[in-house]
Amino acid sequence: MSKYQHIREAAYYANMELPKLNLVIFTFGNVSAANRDLGVFAIKPSGVPYAELTPAKMVIVDFDGNVIEGDLRPSSDTKTHAVLYKHWDIGGICHTHSTYATSWAQAQRDIPIYGTTHADHKTVDVPCAQPMDDEMIKGGYEYQTGFQIMNCLSERKLDHREVEMVLVGNHAPFTWGKSADKAVYNSAVLESIAQMAYLTEQINPDCARLKESLIKKHYERKHGPDSYYGQ
Amino acid sequence: MSKYQHIREAAYYANMELPKLNLVIFTFGNVSAANRDLGVFAIKPSGVPYAELTPAKMVIVDFDGNVIEGDLRPSSDTKTHAVLYKHWDIGGICHTHSTYATSWAQAQRDIPIYGTTHADHKTVDVPCAQPMDDEMIKGGYEYQTGFQIMNCLSERKLDHREVEMVLVGNHAPFTWGKSADKAVYNSAVLESIAQMAYLTEQINPDCARLKESLIKKHYERKHGPDSYYGQ
Amino acid sequence: MSKYQHIREAAYYANMELPKLNLVIFTFGNVSAANRDLGVFAIKPSGVPYAELTPAKMVIVDFDGNVIEGDLRPSSDTKTHAVLYKHWDIGGICHTHSTYATSWAQAQRDIPIYGTTHADHKTVDVPCAQPMDDEMIKGGYEYQTGFQIMNCLSERKLDHREVEMVLVGNHAPFTWGKSADKAVYNSAVLESIAQMAYLTEQINPDCARLKESLIKKHYERKHGPDSYYGQ
Amino acid sequence: MSKYQHIREAAYYANMELPKLNLVIFTFGNVSAANRDLGVFAIKPSGVPYAELTPAKMVIVDFDGNVIEGDLRPSSDTKTHAVLYKHWDIGGICHTHSTYATSWAQAQRDIPIYGTTHADHKTVDVPCAQPMDDEMIKGGYEYQTGFQIMNCLSERKLDHREVEMVLVGNHAPFTWGKSADKAVYNSAVLESIAQMAYLTEQINPDCARLKESLIKKHYERKHGPDSYYGQ
């Protein structure tokens, strides 16, 4: 069995979740799964419909973006994935153009934390990275998207282990996590948060952000040292 | 057969309705079913995906929140359920983060009664409990959520047998009823009412509440002494 | 074979379309099919879930609202159906609480004719009947709802053969047609029109109604003496 | 085998995608597939439900709108298709009344380019053709709709090979492409773009269009001489 079989399967099954969760249509979106010991990740091939995907069609790429194994061309967003794997200790990345999260990205707004659904997953607004400046666009677009994401978090002093999602302004969301499955989970949670934040502002244009004591309480229920969520 | 088998199955089947009714994603949401003679309820285990649930995995808990039987940790919202069972004569409770009801909760607004779909189920606006004060948050959060719900109804002089649903401000809805099935039914009705009230205000920002004579008529069709709905 | 078998089946199959078309949840909504020669109609029993319906469970009622055959209690809206059958030469009636049409009814607004999807089915705004006055509510609510619908059309000089749908203010839509199937079709078309009219006003608050020359052209394509739609 | 078998099947399968992609209800919408060597196209018959369609039921029509082969009456929009095939070198056309694209058409607004999902498919706003003047309506409505579409593109100096979609004001979208499949794909992409542009404006009424450098970059990723999307 190939030493890459595990991440091929992890990437395959995670990609197949995207249409089931209504996060993509056609070939939009891509998920990757990393083996950090081997310094590689498996990613969806570019432009191949989900119905035709198999584990064998996943492309193996190293953290500099070089194809290591695979007959197909990798996702056009591969270099963004590579940059994030190279600099962050993460196991999976997911990129979609899901309806509500993408609309917030197009509106170039952070998603305010309005409730406990949001606070169950992070303690801050979902950050929206400003659109890339023209110099960066010329200098390897997908490569620079990775740095755009990292810069957005570092400028705001956010830790990628605590905030596992970002909106790329005028573009769409990227999420990540310990595994490809967790990255996909984060994309679905983000889409739900994005829809509810939109509706909350429509229902009450003067609505207030969640207060700090509740933010802290909910996040710690799931993630603090004394967390008591899950088994 | 275990004396708890009946409520294990009631809780199991009621929980399984939540994803079918599009009221939850992943492990969000939980339903419980009580046996008031035995003074216990069966509730969903915490963080277990719906596809992996079985009646045997439901956790049996008493009305003080102590686990009586079951290998898994109960839902993180268990103490809220326990408080409500202890003080109210009800048979089932349902908690979801359904999209529209949660958005009204985040907007911290009661849902106005705009039509007969609402009046078929209750005669008042759906109450939204104000977010908990910081003292309550520190003092056992889920436990206090139960009191927050009860206080909201008593302050407004509402009877929990007539108003079987509440929004917890900045959080999400809780519903209840004679059985777990009825509690789930109420969650689905609430979600539908919440969506239509949102749209009604968008279509006509000056829309008026339903007039009292129609509220009374519709509620009595289904619930009055001369009700003529159903078999 | 019972002389009512045909309308029992027509009503059954038409009712079963409602959940498939996402026009109802639970037991909301009801469809009837008339045999005008026999002066009766078959209608859904009250409060019975769609999954448990059969043709045999449909209730046969005459045009004065008397049950002629059937073990179950008919829909609580039966008298509204009876009044319309008695006064209008129609073969089917459908009542739902579909999301967008009901929201316009709650907003107490006619649905303006904004495009050709609307004009393909009628040449005027979808009328919204004003909520019933208190005297009518006391005098047999469902019976009066029938007259409320008829009055709405006659006040506006609309012909029920050309305008097969109405919103009952603060309540929900009723549609009708030559058959139960056509009544259900009209409910689905109305829901689509209602959603698009809502979105049209959100996208352009100053949007204009469709001009008369286009209204006339589209309606005549489908319904005029030289219609050329369909086989 | 008939020389038309290929386009009959292409048109059949492309039409069957419309309900699966939630772009139509009932018999709304139609797709055609052309054989430019033979100067004909296959199109959906008028008013036939999707469930009853077969390749044999597709109607063969020439580029002047004359029926060449087939027992059924072709789509009422056939002459619009004929005009576009006659003047443009394209292989497929799709017409739907999809919810969001139709709402923009009813609002008589171009869909602004707000993000990269849009830019991946074209570099300009989706054009909305002004409603037809009364003289054109009288002079063969569907025939004139073809010219209305062509005039809209030529007035704006747009090339139909680069902009494969248009909104017909007060009516609905038309899309086209090298094949019937590509035309359907474009309709689904347009619906997604239309929904996200609507939401973007709701979330941020002052939102800005995508800047030119990003428009150019994204379009060239998929369509430029050095494109690197797909296999």
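So that you can tell them apart, the chains are marked A, B, C and D in the order they are listed, and the count of residues begins at 1 in each.
Convention: a contact is a pair of C-beta atoms (placed from the backbone, for glycine too) under 8 Å apart; a residue touches a chain by one contact, two chains touch by 3 or more.
In UniProt terms, the chains line up like this: A, B, C, D = L-ribulose-5-phosphate 4-epimerase.
No experiment lies behind these values; they were computed from the predicted model shown.
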Interface numbering overlap (same over half, different under half) for chain A and chain D: different
Chain separated most widely from chain B, comparing mean CA positions: D
Distance from the mean Cα position of chain C to that of chain A, given in whole angstrom: 46
Approximate Å spacing (C-alpha centroids) for the pair chain B, chain C: 32
Set of chain D residues in contact with two or more other chains: 202
Pairwise touch network: line, ring, star, complete, or other: ring
Interfacial residue positions of chain D with respect to chain C in the complex: 25-28, 45-48, 72-73, 76, 97, 99-100, 102-109, 131-132, 134, 137, 141, 170-172, 198, 201-202
Footprint of chain B on chain A - complex, ascending: 21, 114-117, 185, 188-189, 192, 195-197, 199-200, 202-204, 207-208, 210-211, 213-214, 217, 221, 228-231
